[in-house]
Structure formats: C-alpha cells, structure tokens
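Please find the structures below.
Each of the next two complexes has subunit A plus one other chain: subunit B in the first, subunit C in the second.
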Partner chain A sequence: MQRFLNLKLNIISSWRLLPLAVLIIFTAPLVIVLSSLLGSYSDNWLHLYEFVLLDYVNSSLILVIGVAILVLIIGTVTAWTITNYNFIGKNIFEWALILPLSIPPYILAYTFTGLFDPYGDANNLIRYLFDLSNDYVFFPNVRSMYGAIIVFSFTLYPYVYLVSRSALINQSKSMKEASRLLGLNQVQVFYKLALPMIRPAVIAGVMLVIMETLSDFGAVDHFAIETFTTGIFRTWYGLYDLQTAMQLASLLLIIIGVFYLIEKNTRGGSIYTSNNSNFSPNLEEDLQGFKALVAFLICFIPIFIGFIIPIVELSFWAYEVNLGFFNDKFVSNAINTLSLSLGTGIICAGLALLINFSIRFKPNKLVEKLSSLLSLGYAVPGLILAVGMVQLMVYLDTFLFSGLDIVLTGSIFGLMIAYVIKTYALANSSIESGYQRISNSMDESSRLLGISGWRMLINIHSPLMKTALLTSVLLVMSDVVKELPATLILRPFNFETLAVSTYTYASEERMLQAAAPAIAIVIIGLIPIIFLSKMIRSSRPN
Partner chain B sequence: MKKIQLILLFSFFINLVIANEVNVYTSRHYDSDDALYEEFTDETGIEVNIISGKGSALLQRLKAEGKNSPADIFFTVDAGNLWKVQKEGLFQSIQSKKVLTEVPENLRGPNDEWTAIAKRARVIFYNPENVSDELVENFNYEDLADQKWNKRIVIRSSNNMYNQSLVASLIENIGEEATEKWAKKLVGNFARKPQGNDRSQIIAVANGEADLAVANSYYIGIMLSGSAGQEQLEAAKKVKMIFPNQENRGAHINISGAGILKNAPNKDNANSFIEFLISKRVQKYMIDKSYEYSVLNDVPPSIEIAGFGTNFKEDQTSVRSFGELNPDAVKLMDRSGWK
Partner chain C sequence: MDNLILEIKELNHAYGESDIIIEDLSFNISIGERVSILGPSGCGKSTLLRLIAGLEKPNSGEIIKKAEVMTSHEIFIPPEKRNVGLVVQEKALFPHLTVYENICFGIRRNKDKNKIVSDLLELLKIDSLKNKHPHEISGGEQQRVALARSLAPTPDLLMLDEPFSALDEELRKTLYEEVSEVFSEKNSSILLVTHDAYEAEVMTDKQLRMENGKLI
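Moving on to the complex of A and B:
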C-alpha cells in the first residue's frame, strides 16, 4: 500500500500526467482529422489527381513563398529602421506597425476589390479626375496571385515585425560598433550581422504567417485562386466527399509538420544571446532630410496598405448604409467576441506555460511531440477543425452523459477548445522564446533554495515571464476576434460574434452592409494590439 | 455552493418545462428574416433559436449529434443540401395540411420531407446598348456555347453552388456528354477568368466589359432597390434580364427550403413555424425583401423584379437530381477547365 501510494505520488509530481492529459484532450480533434488517412480512399482521388491537385499545390506553393519573402522583408526592415534610427513619426510608427494585425485578410481582400476592380472606387476616381472614358483601367487586376500575396503579406507581417523588434532591441550596441569599425556599412550590418542573429526568431514568425496563409479560405476564395484549402472545401461542398476533404487536410497538416520539425531542428543549435552584464543599449541615429524621408516611407507604406486603406474604404461603406449596426447588435456581439477571445487567450497562455515548464523541468519526448502537434492546429482550416471538434464533443457527451443528452456539443466550452487548438501556436511561440531568456542557473539556484515544482512555476518563472505571458494572451486575442468558420458551426443557439455578423452580410455579397461589423472587428481587435504596442515600448532594456 | 447547485438545477427544470421554442439550423441568414422570426415569437409565444452557417457543415453537426440533436428545422438555400439531409434519413414527412394543400407538389420533396419556402431563377443579363434584343431572342442556356459569344460571357467560379446546380440540371436534361461539350465551349467564351460574385458579373455587363452575364434573378432586385449603393443601382438600370429556355423546358430554378428533422424535440412548434413561413402575408413580406419568387401562385413578386416578367416557364427538373448529380457536375467542370 505504501509503495503504491509512493508510486502514485511520484507520477503526479512527475509533471507528466497533467500536461499529458491536457494535451491529449486538445490534440484529439486533430487526431480525428488525421485518422481519416486510415479510412478508405474514394475514386475522387483519381479525379483530383488527374485534373486539379497539381494546380492546388502549385498555387499554394507560389502563394506561400511569395508571402514568406514579402513578410520577411517588411517585418525585418521596419523593425531595423525603428530600432536604429530616429526620424519624424518614429514614436507613432513603433506601435502603429502592429495595427494591420487587426484587419482579417479576407476583409482586406474585400476592400481591395472594392477599390481596384475595373469599376472599383479607385479606378472610378481616377477616371473622374482626369475625365477618362469608361474603358480606361488604371490599376492592375487585384484578383490575382499578386493581389493575394499583397493581401496576406500586409495583414500578417506584424508577426515578423514583433519578433524582430523584440530580438533587435536586445542586441547590444557594442557589437554594432565593432562591426562598423571593421568597415561594414549600415546595410551590411543589417544583413550580415543583425539579421543572422535574429534568424531563429524571424523564422518562427514567418512560420506563423505561412500557417495562417495556408489555412485561409475567405481571401483566396474571394480572389478566385485555387489553393489547397479551396480544394479541400470544393471537395467537401461540391463533391459531397468529406472523407477525401479531411484526407486532403491531413496531407496539408503533415507537410506543414515536416517544415515545422525542420525549422525546430535548425533553430535548436543556434540561439544567440548577448551577455547581459556587458549590455549597452542601442543608440539611435538621428536622420535628417532625404534619409529621414526614406525611413518614414519604409514604415508608412505597410501601415497605409494594411490598415489605412481598408479602414477608410470600410468607413465610407459603413457611412453609406447600416450605421444602425452600432446601436442594435454591436454591444452584445462585441461582449461575446471580447469575452471569448479573452478566455481563449488566458487558457492558451496558461497551457503553453504549463507545457513549456514541464518540458523544461522534466524533459519528456511525448509531451514535446504533442505540443508540436497542437501548434500545427494553426494551419488547419477552421471548418475542418470544427468537424473534428463536433466529433470529439459528441464522444465526450456520450461518455459523460451516457448518450442521454448533449451538453458539451454546441457549447461555449467546445468553441473555446477549438479556438485554443487554432491559436496555441501563437501563445506557444512567445512563451517558448520567453523561456529561452531565463537562464538555467536561475532554476538551479532556486532549487538549491528548495523551490521547485509549482512553486518555481508560480513564484519564479511567472513573474519573469510576465511580458511573454501577456504577449501570448494578446496575440491569441487578436486572432480569435477575427476567427470565423469554427464559430459558425460550433456555437450555441443565437450566439453571435462580430465575425459572424460580418459573414452574414458578406456571404450574401452585401459588402456595404458588412462594413459596419467589419469595422467593429477592427475596433475590438485594436484593444489587444494597443496593449501589445505599449508592452514593446516598455520592454526596452534600461 | 449547495445553494448555487440547487438554483442551477431548478432553473434547468424550469427551462425544461416552460421552454416553448423552435430550434432552427439554417444556411439562410438574411437580415430581413430576423424580423420575421421576431414576429413569429410575438404571434405565437414560441422562441426561435438560430444557428446559421454553411449547409454542409451544419449537416455534419446534425449527423454527429444524432438522436440528441436539439434541432427541429433544417433550413437551407441550397437544394442539394436538402437532398443530402433527406438521403441521410434525417427528415420526417411534413404533416401540415396547409403546407400540403398550398405548396405545389413539384416544390415539395419526396414523401413531403421538405418544402420550398422561396424560389429563384438563374437567368441571363445583357446590356441593350451593346447587344440587340433580337440576338438574345428565345435564348437557351445551350446558346451560351455559341461561337458568336467568343470572349463575351462572364460567369462566376465553378465553386459556386448555383453554377453546380445549373450544370447538374443540364446533365439531367441533355446528358453528360453534351453538357461537357457545352461546358468546354462556354469556357472558351469566357471574357475573363471567373471571379467575383453574381453582382460583379451584372456590373461587368452593364459597363460593357462583357455581353452576357449569368446570375441569379434576385440580385438585380437588390441592386435596383438602391440598398447596395448608388453605383450598383446605376449599373442595374442599364441591363435587361431574360429567362432562358422559354420555348422548351423552362428557366433553371433553385429553391430555399426547409424540413422538420426526425428527432425534432419541438415538432408541433416546427410545424407552426413552417406554416407561418408559407402564409401569404409572410411570403409577400419575405420576397419583397429578398427579391425571390413566392412558392404560392397568387403572391406576386416585388415591384423591382416584376418588370422583368412575372409569368415565366420554370424548369421542372427535380431537386433530387441537383443533389444526386452535383458531384458529377463539379467533376465535369474540372475537366472542362472551368475555374
């Protein structure tokens, strides 16, 4: 008996059981999606293979590569400019560069077509100003691969900007001075020294962008580009073949999984940190004249395309019709949206903290792998995830209530789990990098003082990780505010979020009416983003 | 703690006893419908609970929930989805005398397992400034493949369910081989890569970017009403609408429809709800807002679209074939290069 008790205690204190149990619940819907691979394969595969699959793969690849390159450039160059130079507007740009994160890609896509279509507002304006005939079209077609790459890049680059900025802030001045003395010019310092040093952080940011791009349906569908994800839905809705659709989604998941592992392994051996005791903060160089203008434009253009254009266009639309939305439904929908996103943010951050702590405390391969799997949830199209989720909820209901009633299915609880799966990657990335900044010697000293387990997590790590925790809550929040497909299918009766209201109009192709709720999404999405930007400013050492 | 539990338990039972409600899973989510639901509640005291979403996804939730599903009614804008729900055996026959006597038989499903609530036609738009009326006289869908429209036709992507239904109806009527030939020629006649929604096609024709557009009938009503902005109103004024195949099988029709689910916990309320939807007054209100056509013969369409003709011939191809042939239609469009 005594031995048994000891054994039991041992397991509980081992930091394995809890993270493992939690992870198993959260990864279950993904496993349900993946299990479709074990099922039968329909004839539709032959058809897909023969006629469309290659197109899907091709356009997804081009899209992802284009977006990855563009966000890499925008994200790092803006971060570098903000960190090293002083110029007009810099204090505003520093936080304003995150604003596009509040614009869902599909909304930018809608406003882009509203503006730049042959008879869109921008073309009409130019024809009107220069008194040109109706045939004259000034802007190139945005319903194209280029348009899609721009839309994703200018709404998602803040992920790269955020990580680059916080990595660059921590770089020491002395290193830069040394390299200048050795004869490198400004640009060389950037790509020969600064960029390689922040590479791990940047790649993690780009990875998030890639996953979000691949899982998107709304924007690519609006631009009529056949990506892997539109293929998944065409197979489900058009061929009535959910099984094959889930198999396609699993395939996507596996491909991304491989990339994810490669990224993790290359990152493993390359963590560069400067020794804090010698740290001397970066001195910002004052820019004047032409150089200041260039710096200004570098920061202004991304904000202009990713935030100002859509906001102005949406405001015009909303002003034209449906301003009433702000009286009738706005408050209740906004409260639903906010509480749901806050709840998910807290759960996600707590989960990521628990799991990263347990991996650090007692390395466990299984927990690590499940955590990676959960991160991949970010790349799964929301509606496919929802199908796995409904399945899981029904299993749980059958198990808990012996099939007499359904309680969890269609509850806020199920909806939140789905959101956690969808956004865990965002929380995990910032908690992980937060942990990299806590040295192991800190753990050892606290152990010597007899502090371990929960007490170490609560008393030592949590305070040190305050910024990382907040960042992860806020990143998750800003994403959940925008999330749609899972909400639609998993929600309880009469439960509306802002994204649902937008969809209600957008799916009827009534973009003017959709503008008011879309602006509401942006307003609510700004709340976490404003907090985020405040944190960046205060994270600067000294 | 105990107290809270007791209160929770109590309120749960209260809910159980007095819940007077009808639960609707719907892929039709028009603003104007919300007002109707409120009116139904005012009239009958029955609360209307809504979950709206994609038809295919709602069906999946319905299937997973099984016999415990709280849903009473499945309401959708896509006939194919009605067929799918019926095929899964999830509907029960509608018993309501009112529905059975007032909705024409061809607008009800097999065994009366669902009924149409409103209908819309997939029609052709042209701009008389660019296309003479004679050119499109007695126009058939089949004529869209004609060489004379080379690079002059706009239509949205084949992902769209209305296009899928249209192609399915052609497969049913002229056979798969002929339809595939037709689709290939039609793709050759595209003025641009399929893009945008039905309204963008109408706008393209209004502006002379193309000669013919294929789109659903109600969109022109929305545009003409002005609720979609001044520009769309201007564009809509420039175009004319024609019902194809009037000399033969009739214009292609799609429906919004609803059925009562087999495990409906509030069957009687569900019945009242459907009866409410097909009542004359509600039908008139509904189609005046949505610019669809009523399922009742004596309810005239809204002023905006009545001008295009109120008495046109409808294709009687059954909704069952749209459902059954939909996958074939999608594959056919893939093979034809219809993006």
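Moving on to the complex of A and C:
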C-alpha cells in the first residue's frame, strides 16, 4: 500500500498529471464531434445531403475564394506600399492598417447593413443630397455574397498585411535593384519578384483568413448566406438534431484541418530572404504629387472601410439613443463579459505558465507536443467547439451527476473550457516569448541556492514574467470578448454578454441598441492591436 | 565619338547640402574597353555605378550611353530601360529561383533563352549547378551565377562593384583569370570599381584613380 502511495505521489510530482488532463480537456469535444461520423445518419442528414449540402459547399467555396483573392490584393499591395515608399501619413498607416482586426466581421456586417440597406443612412444621405425620390436606391444590396466577401476581406486583410510586411522588410534592396537592371519596372518587381519571394508567408496568411471565414457565424447569418456554420446552427436549433449538426460540423472540421496543415507547412518554408552577410536593407523611395496620392489612397481605403466607417456609424447610432444604452442591462452584460474574459485570461495564462515551466524545469517531449496540440485550438471554429462541448457536458452530467438535475450542461464551466481551448495559443505565445528572455543560468543559480520546483516558479519566474502574464491575460480577454457562436450556444440560461447582446439586437434589426455593446467589443479588441502596433513600430528597418 | 559606350559629363552628387559624394566627374569608356576605378572605401565609387545604372539621380551632370542621354537635368531613363548590368559583392541572387531561372530572369521573352543560358553556364563552368538554388552553392559559385545573369541580356556596359571582395584570395585569383577570358570572348565593355590594385590591373586595360568624389 505504501509503495502504491509513493508511486502515485511520484507520478503527481513529476508533472505528468497536467498534460494528461490537458489532453482530455482539449480532445474530448473534438473527438465527440468527429465520432458522430461513425454514428447513425438520420432522415435530416439525408435531406441535407440531397438538398442543401451542395449549397453549403458552393457558398462556402465562393466566399473563401472571393475573400482569399481580395485579402491577397489588399494585404500585399498595402504591405508593398508601406515597405517601399515614403509619403504623407505613412508612419500612421504602418500601424493603422491593422486596426480593422479589432472589428469582428459580424460587427462590420451589422454596420454595413445599417448603412447600405435600401433605407440605410448612406442611401438616405444620397436621396437627401440629390433630392431623389424615396424609392431610389443608390448602393447595391450588401446582404449578398458580394457584401459578405467585402466584410470579411476588410476585417481580415491585416493577417496578410502583417506577414507580407514582415517578409518584405527582409528582402534585400540589391535584389530589387538587380531585377530593375534586368528589365523589370517597379510594378513588375512587385508581382514578378517580390510577391513570388514572399509566397509562403502570404499563403500562410491567406490560410488563416480562410479558417476565420469558414469559422464565422455572425456575419454569414446576418447576410443570410448558407454556409456550413449557418447550416450547423439551423440543423441544431431549427431541426433540433444535434447528431446531424455534429456530422456537418465534422465535415467543416476536416476542411479547416486541411487549411490548417497547409498553413503550418507553408509557414515552415517562409524564409525566402537573403541570408547573405552583406544584406542591404530596403531603402524607401520618396513619393510626391500624384504618386503620393495613389499610395495614400491605397493605404487609407482599407482603413476607411474596415475601421473608420463602422466606428463612425456605431458612434452615430449610440449618440442617437442619447446615452440611453447605458442602462442596467448594458452594465450587467459588460460585467458578465469582463468576468468571463478575465477568468479565462487568468486560467489560460496560468495554464500556459505551468506547462512552459514544466517543459523548462523537466524537459519532456510529451508535454511539449501536448502544448503544441493545445495551441491548435485557435483553428477550431467556436461553433464546433460548442457542439462538442454540449455533448461532453451531457455525458458528464449523465455519468457523474445521474441522480441530480443538470449540473454542467448550460453552465459557465463548459463555456470557459471552450474559451480556454480556443485562446490558449494566444496566452502560450506570450508566455513562451517571456520565458525566452529568462536565462537558464538564473534557474541554475536558484537551484544552487536551494530554490527549486514550485518555489522557483512562484519566487523567481512569476515576478520576472509579470509583463508576459499580463499580456497573455489581455490578449485572451480581447479574443473572448469577440467570440460569438460558442457563447451563444454554451452560455447559461438568461446569461448575456456584449457579443450576444449585439447579435440579439442586430438580428432584431435594432441597430441603435446594438451600437453600444459593439463599441465596447471594439474598444476591448483594440488591446492586442496596441501591442501589435508597438511591435510594428519597433520592427522598422534602420 | 561614335565608338564611345559611355560618356560622363560634369557629374555631381551629394546627400544633403554638405555630404558631397561625386564632384565634377567626367570620363569616357569606348566600346569593348575595360576600365577600372580604383579608390578607398567611401570615395564615391559605388555611388557612381548606381548613378550610371539609374538607381539614383545625380544633382547635376550628364550620363550618355551610346550617344543617347540617360540622365540629364531634363531626362531620366529608368534602370530597366538602360541595358546596363551591375554585379555587386552581395550577388543579389533571387533565393526562390534555381541557378537556371536566375540567369534566365532578364531574358524571359527571348526565343533563344535556352541556348544563351546553356552557353553561359558552360562558359562560367557552372552547368552542373543549373537546378540548384542559391543557398545550395558556394560563394564563388554564386558570384559566377550573378555574373552569368548580368551577361545574359548582353548589356551594353557591364559594371562590377568589388564583385569578388567577399571571396578568399585563391578563389579570387582563379576568378580574375576566368572572368577576364569570358569578357574577352564576349568583347564586353566593362567598368569595374575596386580598392584592389591587383584586381584592377588583371581585369582591366585602363585604371583611373578616385578620391573624395573626384578623379585624380
């Protein structure tokens, strides 16, 4: 018995329990979703298969192709302009081009419909300015595939801009000069040389955009576009068929898995830069007159559409209700959102700290692999996580609390686990880079002074990692605040967050009321943007 | 004057008001002539080549190639239309292209591109490397590829900016001889800038000296 206890304690003290728990938490919802493919197929599935599945595939395909082309153009052209030219506003555009990342696609979709619908503000303005009749509609219908492509492209292009800019900065000036002397003009240098050279990085960025587009629920639902995510939601909430919803979710998960693998593989090969010791950094060309105006517009238009329009429109709506939005409901939703996001942020940061400490203290390949595995969670759509999590909670309630009422299903517990899976990667990246700045000799010194294990973590590492911990909590918070489908499905009854209340108001076409929670989401979403913009400023050559 | 490939007339260039790089510089190069400009680091040699190539605009003066004004107060022909080659120490090979594709880059629309590239690969003794990428070959081999790439479009004038200074001495000497043979065979007009008197003597027929932006 004593030997058994000793063995048990040994296992616990050797940090092996943690990765096992992590593995179960992470994989269970996904395994449950994927296992549905092996289960029975209902009449609903046959109906979907015969009548709508092809539509889901077609719409999703058209959407991702359209978005991929547009983000490729916007992301690379803006990055090229910023990296190679000097013009008025360049220093602001350099970081402002990532501002649209703080606007979730569903919020841009709401503001676009509010603006460009036949009786939206933009059409009303045109009618007023030109004294036109009430049935005159100037702007085309945005509740369409084209509208969705524009919405996704102008909120997600910063993924491509960021990777392109970083790759272009590392291109040697002399390589571009060589191509000019070999007969290429400036435009040809961009698409015949620079773009092929940064191709792997650009592909990785585009894959991220495709994954985000396929995962979205709020925007496509608002535009009534039949994609996989709206199909999953309707099958579940319309047909009340969770099994078929999981089977649809499995298909989407497999498709996203393919894009994830492409992204992972291309990112590995993204070093098409000069490794020559005589590397000469890029020199920016000063632009004047018409050329400067073109460069200005190239950078201004994406920010205008992806950030300025929604912010101005939301502020206008919020102003129209005369601060009436600041009521008990808004305050309670804001408190719910902040508590949930702060709680998830602390759990994620703590988990990432523990796992990274475990890897550093006792290097273990298994734990390292599990940390990487858990980091994959960011690629899993919130809706799929929610579907798997609901089923997992039902199983746990059945096996653990069979004599009681429902305990875990529809509780905060399931929702927070889903959030942790979705956002662990953000916390981990910050903690990992924080640990890289702590020299191993510091660990050795503290060990020689008799401080090891937990004491080292609490007394040495944690104080040194304060900034990294704070960063990871803030990054996770800003992502949790935006998350819509998982919150919508997993939240406890009558529990609302800012994202849910924005969605609810927008789906009832009460845009004025949707403005305040949407603005709050954007403000919190700006947190990681501030960090990113600081990094961008510090990454300038010379 | 018909046999002149390059005429430089009273060229001046400065960064800002006081940082004078080139001052009242004038010289000519005849067709098929190999000229070197010798001078210490920072004397303006590399800037001179960049001005001739059209990679920078001078403050004043004229650059004339084959009796056609490339640069003057009113005229500025962009680098891609000058038909001059420039080989630099950095080599600037395109890392995502193979050796063959690198050499082919400037003659993509030429019907005879395969033959031109094959001839250059053979001439510069790099035919075994044609399917390799720049990171898979040595520094000396990379420099041969850079040279072949610049020669492929048959430039009117080939300029070399200390092309071999990053290589070890033994390899440099081998390349001086081999590359000189290539230039003779192609009857290329060459402008070499270097701080190495031996390199200038071996590779060129005429040596000019430059100091503080002026020929002396």
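By definition in this document, the second predicted complex is superposed on the first by the 329 of 542 C-alpha atoms of A that agree within 3 Å, B and C clash if a C-alpha of one lies under 4 Å from a C-alpha of the other, contacts with A are read in each partner's own complex, and residues count from 1 in each chain.
One rule holds for everything that comes next: contacts are C-beta pairs under 8 Å (C-beta built on N, C-alpha and C of every residue); 3 or more make two chains touch, one makes a residue touch a chain.
These numbers were taken from a predicted model, which means no experiment stands behind them.
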item	value
Which of subunit B and subunit C A:Leu193 touches, first, second, both or neither	second
First, second, both or neither for A:Arg447, with subunit B first and subunit C second	neither
Most subunit A residues touched (candidates subunit B, subunit C)	B
Subunit B versus subunit C as contact partner of A:Arg143, first or second or both or neither	first
Touching partner for A:Lys369 - first (subunit B), second (subunit C), both, neither	neither
Doubly contacted residues of subunit A, that is, touched by subunit B and again by subunit C	none
Subunit C residues within the subunit A interface of the complex	53-55, 78-80, 82, 84-86, 88-96, 105-106, 135, 149-150, 153, 166
Parts of subunit A lying in touch with subunit C, wherever the complex brings them together	172, 174-175, 177-185, 188, 193, 196-197, 199, 272-280
For the subunit A and subunit B complex, residues of the former touching the latter	44, 47, 51-52, 113, 117-119, 124, 134-135, 143, 221, 223-224, 226, 230, 233-234, 236-242, 317, 320-321, 383, 386-387, 390-391, 393-394, 397, 403-406, 409-410, 485, 488-494, 500, 504-505, 507-510, 512-513
Contact set on subunit B toward subunit A in their complex	23, 29-31, 49-54, 56-58, 60-61, 64-66, 68-70, 80, 84, 157-159, 161, 164, 193-200, 203-204, 207-209, 219, 222, 227-229, 231, 235, 326-327, 329-331, 334-335, 339
